[in-house]
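There are two complexes below, and they share chain A, which is joined by chain B in the first and by chain C in the second.
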Partner chain A sequence: MEKNNFKAWLYLLPAIIFLAVFLVYPLIDVFIYSFEEGYNSASGSSFGTGIYNYRYVLRDPYFLMALKNTLILVLITVPLSTALALVISLGLSSVKKLRELFQTVYFLPYVTNTLAVGLVFMILFQKTEYSNGLINLILGIFGISPIDFINGPYFAKITVLCIYTVWVVLPFKILLLTSALASVKQDYYNAAMIDNTPKWRVFTKITLPMISPTLFYLIITGFIGAFKAYSDAVALFGTDLNAAEMNTVVGYIYDMLYGDGGGYPSYASAAAIILFAIVLTVTVINLLVSRKHVHY
Partner chain B sequence: MENNFEKIEKAAKIRRRISKTFIYLMLSLWALAVLFPFYWMILSSIKSYSSYNSEYIPRFYPADPTFLNYKEAFTGVPLADYFLNTLIFTLITTTLMLLVIVPCAFAFSRMNFRGKNLLFTFFLSLMMIPNELVIITNFVTITNLDMRNTFAGLILPSVTSVFYIYLLKENFSQIPDELYLAAKVDGTSDLKYLLKVMLPICRPTVITVTILKVIECWNSYVWPRLITDDKNYFLVSNGIQEIRENGFGRENIPAMMAAVVVISVPLIILFLIFRKKIMEGVARGGTKG
Partner chain C sequence: MKVTLQNLTKTFPSRNKKEQKEVVAVSNFTFEIPDGTLIGLLGPSGCGKSTTLSLICGLLKPTSGKIFFGDDEVTHLSPENRGVGMVFQNYALYPHLTVKQNITFPLENLKGKDKMTKQEMAQKALETAKLVQIEELMDRKPSELSGGQQQRVAIARALVKMPRVLLLDEPLSNLDARLRLATREEIRRIQQKTKITTVFVTHDQEEAMSISDLIVVMKDGIVQQIGKPQEVYNDPCNLFVAKFLGTPPINIFKGKVKDRKLYIGNTAVMDTDIPDMPVTVGIRPEGFMADEKGEFECELERIEVMGRDISVIAKHEQCETPVFRAIINGENEIQGQKVRFSLKPRKVYLFDNEKGSRIEVN
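And then the complex of A and B:
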């Protein structure tokens, strides 16, 4: 085939322009911002370079709170949602009737607006002067006194945030796990059946190894997604997350950029780079672990 | 002997039935957990303001259903404007994206040029760049260009997606060379070949990419929040947040729920129509969660 260099570049040009302006240049620029001290977005000038922005962010109590919340969220929701998705997918793949209906229903949260449905969770958990809210009434049956999950104690708020996050992330995980389970060859199960292999052994020796690539993919993307949590928290607690003690690292970045405490792209950049150093480390650890345990 | 066999058979049958029941119970429980919030938002949206607030123990059915809240949702706050903005934003962004990524994917799959593989590898590596890192500079860029509170500012940074280029390119590459060569013999131009042959063959993928982008646009919150503070340019996500914070007055939850229903319905309908396509597309490489 002849080389039609010029024409090819013409076809590529729009994509290249967009990517260069809104993806490549910003990526380089964010590192520059993070080392510019005292950058002023109004005048566009700074008075030095160094690691002051990083020191500031790491000492900022708001950042530390955001980091703590994010870590709790990651440590609770990733294992919980993955395990729950696995159990549900195993159940789904062992039934035939109503399976498609269940699959459709389970996928619904994926296509809904996180901000909008978050409000429903808020009114379910909220305790107001009119009503204790539905969840508290149910808890009341078990003799638990009403708690305000939205404006109340820290553990209550983080619990709701975890519950909502799991609700939001499960559709994706269930979808991927059910298709992984469906692609395991029936031959293996038939062979196991002839040998009268106990169910638990079939699960650990056949099913789990066969779906392990998907499982690890979900764990890795799950970690990355949970570290970037933000809009779920906004949906439940409103935009002033610092006041609600429910800010996340990504929320901190945006607050630094814009809003009441905003106007500091340097601090925002430093915080963003710290976050991605953490995410990168966790991902690399995940990949190293997966290399040992995943069967391709 | 025979008796024994029957007994074992029977026991196994019972055991199977018990485990099936247990599995269905578990599946139904999760289905309930998923559906309940939707039920609750519809239920709350058709209760009147006074009856909602007088129910200390909320009723599971509306005592006397009313649609006044829906009227309130459209008159009390500019919900229709938020809707229109989101529609404009979604349509233009998705159209622009297709105009940008289709030729790009075509060039990668069909044309020969120097540095093709290198450039494609570079494109793939761009997929790893997290949005949170680049959004900071984009915010400053758009602000400096005086494009805050404009559609251009909302749309431009949301146009490209390397992942969709990749999906399309993979699909384009599956079309056999012979077809292209035959078209060349007939004197068909590249552009005509792309529009008349490739796109029709790859329609399923194009539709999947379009729908995924529409969902993404409809639900986008972070970028619109950063770039707009003028209510006239709010999208539905920002609108609902605005409604929550100072809309109908904090306590008018039924009207708020009516707004939530109105915002959720379009995507749910889209999902029910294109269920198979959406789920396939997401399974092939959507990421969320």
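And then the complex of A and C:
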């Protein structure tokens, strides 16, 4: 028994060392930095400890804007993309002809290069000297005057960011949900059909509970992913996100570390800890809600 | 509710693209199931018994033929409008609902004048649960139940809406041997109490024989024989039915009829009245009697004592299988290397060598 135990630790050791060095130690470090005023990574010195960094970050208009953008992104894209993926997956599992073709089409964005996707979105949304972009062309048909989605008003930009995010996360969700739907045994549907169950009831009482573990997984990872959004905004609006009013919390942290006005690891750490606290709270709420509604 | 099947046929398109030959799952099935009876559809796997069940419940549409419930034609009705209850092979209990919720599920779908209040539903569910004796398990989830209990819940769910016809697809196949015995009695008891016309599918002949009012033996989509279990057992219409029914199975020998005598090997074992021809002889295990003066001499392999009876396992060169089994009264003493039997004429069946059909003997 003792020997086995030793062996088990031996097998676990490589992973534990890596996790400790590259994950646990930095985590603790970030936590410490966040309480050290004006920490300087070159000299390793600080002015003192306290909650000054938090106070600064929470009063920083750039941080508040980043937080607002992130929250909007989370609140809109997570429910929207999950619901949309569910609808598309339901559609995919009920069509018989050309199902494989549709599945491939819906999965393509997942394997497409991000830069290529960015280019497509430019063609769709960007206003150039020659055109107003494809979307404006379509909007024009309905008599809506052209909007500059990339450099224009705030609502236009956040809309594009949301659409982009939904579009990027959709394929993975569709993939998981279609396989979850396919794994629901036909017998349950047959049983429900024999009992004259209305379609909507079949969906809410049988399909949803049966795929609830997958759905729950997608919602949790969706929340965490959306809170960590950054690269999507960069792909659309370039690196100067503060100027574009499109910064996210992770973008703010990055700017604080390496951006033009960077070199403030203490502020970055404080912002990171705040983000961590938010994500943790949301995940805990998710877990509590799931206890009642997720059936394994 | 009387159920009538008229020339029911179901074919499936061939999967093989080169050979466009259809697969006939059920062929020209005509049968009237009397009201309130328990029918066993029996056959080896792939014989079309489950397809027949799906046709009756409406999950499959027949290629041709008609189905009537009473006097109503239901051939083109979808399952939800047929008023059938079905118990699936793996029960298909909703795993996220409690036993009570599972049983009330069909009731919650009722609409219009049949709509029930919560109390009525609870009352009805409890009644049904009592019928199948699971009233103490109402708040459990299916995963917390044993196989037999799940089976009962599935039956309760099928019965709760008072179906016109109850269908059971291999209801006992997921249970262990002991539970199978108990549950089949239970199914019989419930059926007799509710008087609902019930059709169940099984590949286990013992199961079908023990509880059915009538059994339908099928092979390759074609009905071989329909009748009361004992009648079919005693009077099989062909070699397939004779072989399929009975445990231990019937023993098959090569034989011939010559000068009004039945020969197995070179020994005349019985008198008969049919013209001379080679035949296949089927002898039920209980058709042998230990008899020192018996005509039928075999080499003794071993003896199994099963309490009241003993089972004699012997060899005969004309036998289809290496050894055969005779069940004889335990009071007989069997010794030595050879054993002699005389035969009970009513337990000996003759079959046509080519067609396998029964040759009637007076």
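Here is the rule we go by: the second predicted complex is superposed on the first by the 273 of 296 C-alpha atoms of A that agree within 3 Å, B and C clash if a C-alpha of one lies under 4 Å from a C-alpha of the other, contacts with A are read in each partner's own complex, and residues count from 1 in each chain.
Just so it is clear, contacts are C-beta pairs under 8 Å (C-beta built on N, C-alpha and C of every residue); 3 or more make two chains touch, one makes a residue touch a chain.
Being a predicted model, the structure only gives us computed values, none of them experimental.
Placing chain B and chain C on a common chain A by superposition gives a fit, with no clash between them.
Of the two partner chains placed by superposition, A:Ile141 touches none, neither chain B nor chain C. Contacts of A:Gly238 after superposition on the shared chain: chain B is touched, whereas chain C is not.
The partner of chain A that touches more of its residues, comparing chain B with chain C, is B.
In the superposition on chain A, contact of A:Trp167 is made with chain B only, not with chain C. Contact with chain B, but none with chain C, is seen for A:Leu124 once the two complexes are overlaid on the shared chain. Contact with chain C, but none with chain B, is seen for A:Pro209 once the two complexes are overlaid on the shared chain. Look at A:Ala191: by the touch rule set out above, it reaches chain C but stays clear of chain B.
With both structures placed on the common chain, the touch criterion links A:Arg201 to chain C but leaves chain B unconnected.
Following the chain A superposition, chain B and chain C show a smallest Cα-Cα distance of 6 angstrom.
Against chain A, in their complex, chain B makes its touches with residues 20, 23-24, 26-27, 30-31, 33-35, 37-38, 40-41, 44, 53-58, 99-101, 103-104, 106-108, 111-114, 116, 119, 123, 126, 129-130, 132-141, 143, 156-157, 159-160, 162, 165, 190, 215, 218-219, 221-222, 225-226, 236-237, 240-241, 244-245, 251, 253, 256-257, 259-260, 263-264, 267-268, 270-272, 275, 278-279, 282-283, 286-289.
Those residues of chain A that touch chain C in the complex are listed here as 185, 187-188, 190-198, 201, 205-206, 209-210, 212, 295. Remark: chain A residues 1-5, 7-9, 11-12, 14-15, 18-19, 21-27, 29-30, 33, 41, 81, 87-88, 91-92, 94-95, 98, 102-117, 119-121, 123-124, 128, 130-132, 134, 137, 167-173, 175-176, 179, 221-222, 224-225, 228, 230-231, 234, 238-239, 250, 253-254, 257-258, 265, 268-269, 272-273, 275-276, 279 touch chain B in the complex. Residues of chain C that touch chain A in their complex: 57-59, 78-82, 84-86, 88, 90, 92, 94-97, 105-106, 108-110, 157, 161.
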